[in-house]
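Down below is the structure, laid out as structure tokens.
Each chain gets a letter, A, B, C, D, E, F, G and H, in the order it is written, and its residues are counted from 1.
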Amino acid sequence: MSNTLENLLSAVASGEITVQNALQSLEKNSFVDLGYAKPDLDRDRRQGATEVIYGEGKTAEQIIGICQALIGAGKERVLITRVSPEKSQIIAEQLNDYSYYDEARVGLVGGFPQDRTQGMVLIAAAGTSDLPVAEEAALTAEFLGNTVERCYDVGVSGLHRLLAHEDTLRKARAIVVVAGMEGALPSVVGGLVSCPVIAVPTSVGYGASFGGIAALLGMLNSCASGVSVVNIDNGFGAGYQASLINHIAENASQEA
Amino acid sequence: MSNTLENLLSAVASGEITVQNALQSLEKNSFVDLGYAKPDLDRDRRQGATEVIYGEGKTAEQIIGICQALIGAGKERVLITRVSPEKSQIIAEQLNDYSYYDEARVGLVGGFPQDRTQGMVLIAAAGTSDLPVAEEAALTAEFLGNTVERCYDVGVSGLHRLLAHEDTLRKARAIVVVAGMEGALPSVVGGLVSCPVIAVPTSVGYGASFGGIAALLGMLNSCASGVSVVNIDNGFGAGYQASLINHIAENASQEA
Amino acid sequence: MSNTLENLLSAVASGEITVQNALQSLEKNSFVDLGYAKPDLDRDRRQGATEVIYGEGKTAEQIIGICQALIGAGKERVLITRVSPEKSQIIAEQLNDYSYYDEARVGLVGGFPQDRTQGMVLIAAAGTSDLPVAEEAALTAEFLGNTVERCYDVGVSGLHRLLAHEDTLRKARAIVVVAGMEGALPSVVGGLVSCPVIAVPTSVGYGASFGGIAALLGMLNSCASGVSVVNIDNGFGAGYQASLINHIAENASQEA
Amino acid sequence: MSNTLENLLSAVASGEITVQNALQSLEKNSFVDLGYAKPDLDRDRRQGATEVIYGEGKTAEQIIGICQALIGAGKERVLITRVSPEKSQIIAEQLNDYSYYDEARVGLVGGFPQDRTQGMVLIAAAGTSDLPVAEEAALTAEFLGNTVERCYDVGVSGLHRLLAHEDTLRKARAIVVVAGMEGALPSVVGGLVSCPVIAVPTSVGYGASFGGIAALLGMLNSCASGVSVVNIDNGFGAGYQASLINHIAENASQEA
Amino acid sequence: MSNTLENLLSAVASGEITVQNALQSLEKNSFVDLGYAKPDLDRDRRQGATEVIYGEGKTAEQIIGICQALIGAGKERVLITRVSPEKSQIIAEQLNDYSYYDEARVGLVGGFPQDRTQGMVLIAAAGTSDLPVAEEAALTAEFLGNTVERCYDVGVSGLHRLLAHEDTLRKARAIVVVAGMEGALPSVVGGLVSCPVIAVPTSVGYGASFGGIAALLGMLNSCASGVSVVNIDNGFGAGYQASLINHIAENASQEA
Amino acid sequence: MSNTLENLLSAVASGEITVQNALQSLEKNSFVDLGYAKPDLDRDRRQGATEVIYGEGKTAEQIIGICQALIGAGKERVLITRVSPEKSQIIAEQLNDYSYYDEARVGLVGGFPQDRTQGMVLIAAAGTSDLPVAEEAALTAEFLGNTVERCYDVGVSGLHRLLAHEDTLRKARAIVVVAGMEGALPSVVGGLVSCPVIAVPTSVGYGASFGGIAALLGMLNSCASGVSVVNIDNGFGAGYQASLINHIAENASQEA
Amino acid sequence: MSNTLENLLSAVASGEITVQNALQSLEKNSFVDLGYAKPDLDRDRRQGATEVIYGEGKTAEQIIGICQALIGAGKERVLITRVSPEKSQIIAEQLNDYSYYDEARVGLVGGFPQDRTQGMVLIAAAGTSDLPVAEEAALTAEFLGNTVERCYDVGVSGLHRLLAHEDTLRKARAIVVVAGMEGALPSVVGGLVSCPVIAVPTSVGYGASFGGIAALLGMLNSCASGVSVVNIDNGFGAGYQASLINHIAENASQEA
Amino acid sequence: MSNTLENLLSAVASGEITVQNALQSLEKNSFVDLGYAKPDLDRDRRQGATEVIYGEGKTAEQIIGICQALIGAGKERVLITRVSPEKSQIIAEQLNDYSYYDEARVGLVGGFPQDRTQGMVLIAAAGTSDLPVAEEAALTAEFLGNTVERCYDVGVSGLHRLLAHEDTLRKARAIVVVAGMEGALPSVVGGLVSCPVIAVPTSVGYGASFGGIAALLGMLNSCASGVSVVNIDNGFGAGYQASLINHIAENASQEA
């Protein structure tokens, strides 16, 4: 912000723009006020990624409104997470080039980008029931331009299934590990690789899994060193974080 | 009890003993009333093992009193868990043939039994800090006449250390797995063996380990099938349970 | 694994098999990759029991697919836990020799084995509402070839109902004790017998039972020595653990 | 209060006392304002028992001050709970006829009353470590004029020790049951008797006992019908409640 | 039990009954084994009250079966708590003289007893939403033969509503105080009266009431001395406990 | 009360009213007893605001009854919070001049007051999903006669959206800040202004938001100094508290 | 900030100050960077109160350094909360005009202000043990220029002690209510007055008070409408919030 | 491992090494067995970093032993976290080239590496009390060869202090954000930058901060997208994760 500020101050000092215009320029243009929401149009520049819409707790109408505001402001594609099939159907009727991924409950306007990173993001999941969360992570990372591989049902009670994929694990620039129940998979994966592991606890389980608390605590207490954690069932956040890591490396590679 | 009851009733019916004597026989003899405690003299017969004294929350004097009552009733050896070094010193001055194991904070009157089982109980521990609890389990199992092996510092973030002991794991009749932090080791061990695994969460860790809750929940939610769990830091309970399992097999073997 | 490894290495050394084949042999054959799941075909050998399918969070189609993979690989019978009646109906239409136990919500392909163990596993339950979990434990143990007895509605507030079965309690090689509310039954049973007690807390209760937490904590803190615990409502896990104990003894008996 | 109010109003109406005096009479005399405390002088009349001082979090000086205020207002005896030995020594130097019970950490000014109730209050405790709380309950009940009996170390893992006292249990008008760990004793006692059971969870235990939460939850979820519960370690509250029950009956008996 | 035992032993000694008959007499007759339940026929004698059926988690058929067993064994009336309207309709079709109280979700076979106690049990409730629990307590106490009064919507944020009933409060032999949210009412009531207060937290509230935990903790930490607590929403337990207290006094009065 | 008391006593002393009338005057007139509720008619005088009806847990009939009692006692307008659309429809058919605000689930009898305060209450909300709670606060404050402004979707991950409203923030006499998830907005707002901030955590979020606990704890631990907190989703309470603050200032201004 | 921004932009436009100076002016002067801390020198202007130092977790040296920075920047007085007596002694040796209030553990440089508000802030506390927190609130409010009154030991189990101060309660502009245990006092006070109540839960209590959680939850769920809550033991925050409220009114009064 | 495995198999096939040697090579050499610990000598190759010793729960002697084993195996430098000053003194006497950083409680053998990364890791901390954790993160990252910058005391209640460092924030490849209390800083930082944010909750705070739980939950629920979280007070883990991210980019840059 101070950068922008300095430029603006210079422009004001030189008389290029008036005080009032400078003021408006600072406060406007960076978001649209829809009343119920203020979609952020400036995130590309500020954070390197279009705003993604969290669909839960918003009506189909609100989602459509925000999409239209983003598209109207020149965005090519929009990702919407946590969309129910019912809402999705309403959205599909109002927006062009919209597709829906029902396992992950993810909607997409404008399709996936063609260009993908050199580096690869791996999504690993412990059990069949963890797939919805894993797919949310995978689709998010693909939306953000990453090359993505998947490795599912490799829980720690059958180690040979995981060890059979050790080569793939070692090739990734970032690994998202999705697991419910005791959440032990990130610790085992973290001990095998030298890239960052983003652990996602899922609410899969019953009784003393307490809706994912057991997995969350397990991951926070991981005895492996390169593991960080996102919220329970937050596939989006893990895919996003993995993408940031992958792009940091991609950018470093391109600048070199 | 109904067995005993039938015998007693027959004896009463036949006039072998009087009603009053039968009544006293039922109520007396099975415990000593020390006021502050009623040590159970009948546990050998009823449960196949002498009563073990839980030292926490008892004064050295109370512990000594209970030991003397048990020895006076003919017990050869007594195990005392959770004894502080300070209490241990007082006990050592009052009781013969007493030894103290400071890492496990366990006291022992009468030494370990010479006879050991054919079958083996394995005690595995994830980290160096888990050793006090692992040793409490190991000494308990030895006190109860088991052949015991130890396998320590084999946490899941360095799988090769565990896999190097796979043969030993497969030979055990029961495995006690002790782990703090995320408590993932029992799941991995449980996936490799076909004997029961008794998991012991430890209070080792910090922050979101919550004094062992993370490990406890991880173990209760184990994705491996043959795992049951005891209280946090309850090395004694795990060693005892493993001993019961081993003796069930030992007895079956001897009866066959 | 090291055993297998040594054999393979010898075969490779002798030229019996090529390096590539050895590699494939190590990584393949032990599981089938269905995309959404990797059923473990090797568990019989490794753990002495066919893989059991946890039905919750899997679609009927996924369950059928896994069953077919296991049957295709030569398994005689498959147990499926936590199957809703709706899913069961779909499964019943696709698989031969399928039966459903609605109280326990358990499905079974291929029927129960005829051969049963000499030793007996006892399933005790505190109240009528605990029966679904108790039956899950009982059917699991029967599926795994155990002789099973049941003793239901013997909660601690009416001790005479439990004491009337004391003889049966004493005959068991392992006892699964199922209880909700305050979960006190395992402590009382544990004080009466000399075999291992596997305690199963149930989510039966209301208010401060917190979906089974009260019972779980009660069991973890049991003042009886031979008690270990599985997850809330985990009848399967308790039946499986009891079966492991019973078979350890059965095998010891047969080897003797 | 409305009773008193009516009397006062009548007195005012008849001119027996002035408005100002009536007002003062209502607001004064019922407590002394010491600045740091306002000891309640009217509790005898209102609640049938002198105010008992909770010693925790008060300085020895404050305790002495409150005692002197109560004695100055004509109270014969004062009970002080949760007094550390250090504070007790200071108090002992300042107050006459003071005695201290160190296991229960209870101080007493003026000695116990001679007159005791016909009916009996029983204090039962599960283990040796529960004695301090049990004694706080027993001394409180004695201070309040009850005939008290004690029955200690009768935990549920050795039922015969409890059943040996069944006659005493049945004779009580109210039973205080003190237990830590899984807190199962009140359920078993509650199933044997027809008088109210006041359950006191203690902080005795470790790990998943969570400082008495396990026992507290166990007691709140008791499957026996006549059980109510007080705070963890609140021996005073249980003894007080048992005394109220006993006196309700005693008064009914005397009025009859 | 020892009482009964002594009588039986005497009878056996004198040859009045045979050993086998004595044995059967001890173990049978005190409960009926319905498979899914073992209703306790002996509770009248042992605890002074017929067994009450907890309807939750039992099918209508099971409830009917237990009622028939109890009636068949000579019981005049049966109370069933936590009965849904749907189950109630099925029960109504099968059992004679059945009535249903829908606010309290309580079913009743055989009507309320005509004879009531001299002493009164008061049921107080803080808010309108607490009425279902309060009514469960009131109906339970009436079923058990108590004279009952009700005092509803007297929460502490409008003290004058409570103080207007102070006379009634002072007349009760036991007061059940039902409150959700912060659960402060028992402390205020407890400070006004000299009889035992049984506090019932309700799950009324939202957010940080956590389904009644806030009220439960408030009541357990009551600064008033004569308060004990039952489980969240446990109107039955509180009514039962209040009845025990009232009957203790009633019996003392009659014996006097 | 003592004020009233003094007046009454004087009136009684002077014979203006009889003792019985004084007594009735004290106990009656301040509430109506509807059986299921005792609406407080005196709150205007005592607390400066009509009683607001909390609709949750009350039937439409009970709500209508209470409204009629309040209107019958001369109240001009009544606010009803937490009214479902279904109940609202029934109410609308029975009461005149009734309107319903569905986003906030608030019903209103008698319309909003025309007179508004000079001072302004600001309602800020972090995200679109927080609007229902924010609107409950806004409507409550408007019902209580406050001038209200709204500032929505200004969460801390896009600071420029909040900073664009800094002027409005500084003009408020009290600010209600509504936020779910991590609940960080009150800390940031609290650091920018010099008026009291009332923070309202919402149950918006998933996983480790635990139904609003994360936001609640965040707000309670705010590093900004002028922040206090109400219950999760308690828009009403925050609007009410803000109104009290605004009116304290309004009254001070008018008295000056 | 936008205000300041506009002024600065105008000054830059008119050439009054250079771009670089404007930039520095924006970023500097508002805090001092001490390395370990950045005390905020601008808070007076921005928030109407000097920064108060939270002493916990800071060394005496750091506290002295921050005080010197604030005094060096022209502040007349500094309040330091949570200062241990040990740290206080070191501070006293280094700073002039320093005083220490040991019950509240509060240090003060420069003394209390002479000018006080017309309006009064009342600090009420339930028990003697709550005094340290109450005093922290009282001293904070006095430091911030408020007229303060105190009303201590007025817990709800002895209502007459509170009601005796009803007049004082009604005169306050804001009331801080401090209570531990069940935290019921704010609900009762909130029902008696028409000014905002700031509730402070204290960690006073034991067992199920869980270090103040019981009181915190009780206060968050208060059935009285005008109650908001601060963190456990946060006397400072409550005193600060009450001062903000009082000053809002004071300022409104002066502006009128 | 399969890579290694293939190489080994080839070597065995070609007769370069014998089967027994291959087997030993697989199982040995990768760790040293010290009895109490099995330090991992292979982590450099497998994970790109020497094993770091977690000092808590290990004796000084055990730490020295592990250091000597690592140095003996050719490691140049060893980091030891969570070392008390007392243990550090013993270690300093036994090991050469040892230094100790007391604020962070970190010990270091062999000094920091001279070569640092091009990319920068930023460590930001909210308050003065968070410095020990922030320094643990900073020293860890420096030990692992990263260029590190620090930005402390920039909590969200004084936003201008953070915004003054916006340029530095934007230059980092990974940012570790350390905060206690409400843990809001990562959300604000995450909204300003386009690199990954690793959030570290600290146990700084009191009352409802619950030893860091409030901050942990706040961070897990961050409304900013690029935030992942490590355990409470786990500065080491965050520094390690940030280093992995920075090195992924560094390596990509060098490979390009």
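Just so we're on the same page, a contact is a pair of C-beta atoms (placed from the backbone, for glycine too) under 8 Å apart; a residue touches a chain by one contact, two chains touch by 3 or more.
Predicted, not measured: the structure shown is a model, and the values here were computed from it.
Shared contact partners of chain B and chain F, listed by label: A, D, E, H. Homomeric contact chain F/chain G is classed as same-residue, with over half of its interface positions used by both copies. Work out the mean CA point of chain A and of chain D, and you get 59 Å between them. The distance from the centre of chain D to the centre of chain H, with each centre set as the mean of the Cα atoms, comes to 55 Å.
Rounded to whole angstrom, the centroid-to-centroid distance between chain B and chain C, based on C-alpha atoms, equals 25 Å.
Between chain B and chain H, the centres computed from C-alpha atoms are 39 Å apart.
Multi-chain contact residues of chain E (touching two or more other chains) are listed as 1-2, 27, 127, 158, 164, 191-192, 207-209, 213, 216, 220-221, 225, 231-232.
According to the touch criterion at the top of this document, the contacting chain pairs are A-B, A-C, A-F, A-G, A-H, B-C, B-D, B-E, B-H, C-D, C-E, C-H, D-E, D-F, D-G, E-F, E-G, F-G, F-H, G-H. Contact residues of chain D toward chain F in the complex are 2, 5-6, 9-10, 12-13, 15, 18-19, 22-23, 26-27. Contact residues of chain G toward chain H in the complex are 1, 27, 30-31, 35-38, 40, 42-43, 56-58, 62, 201, 203, 211-213, 216, 231-234. Within the complex, the chain F residues that touch chain A are 127-129, 131, 152-154, 158, 160-161, 164, 204, 206-209.
Chain E contributes residues 1-3, 46-49, 52, 119, 163-164, 166-167, 170, 173-174, 191-196, 198, 216, 220-221, 225-232, 236-238, 240-241, 244-245, 248-256 to its touches with chain D in the complex. Within the complex, the chain C residues that touch chain D are 126-127, 155-159, 181-184, 187-188, 190-192, 205, 207-210, 213-215, 217-225.
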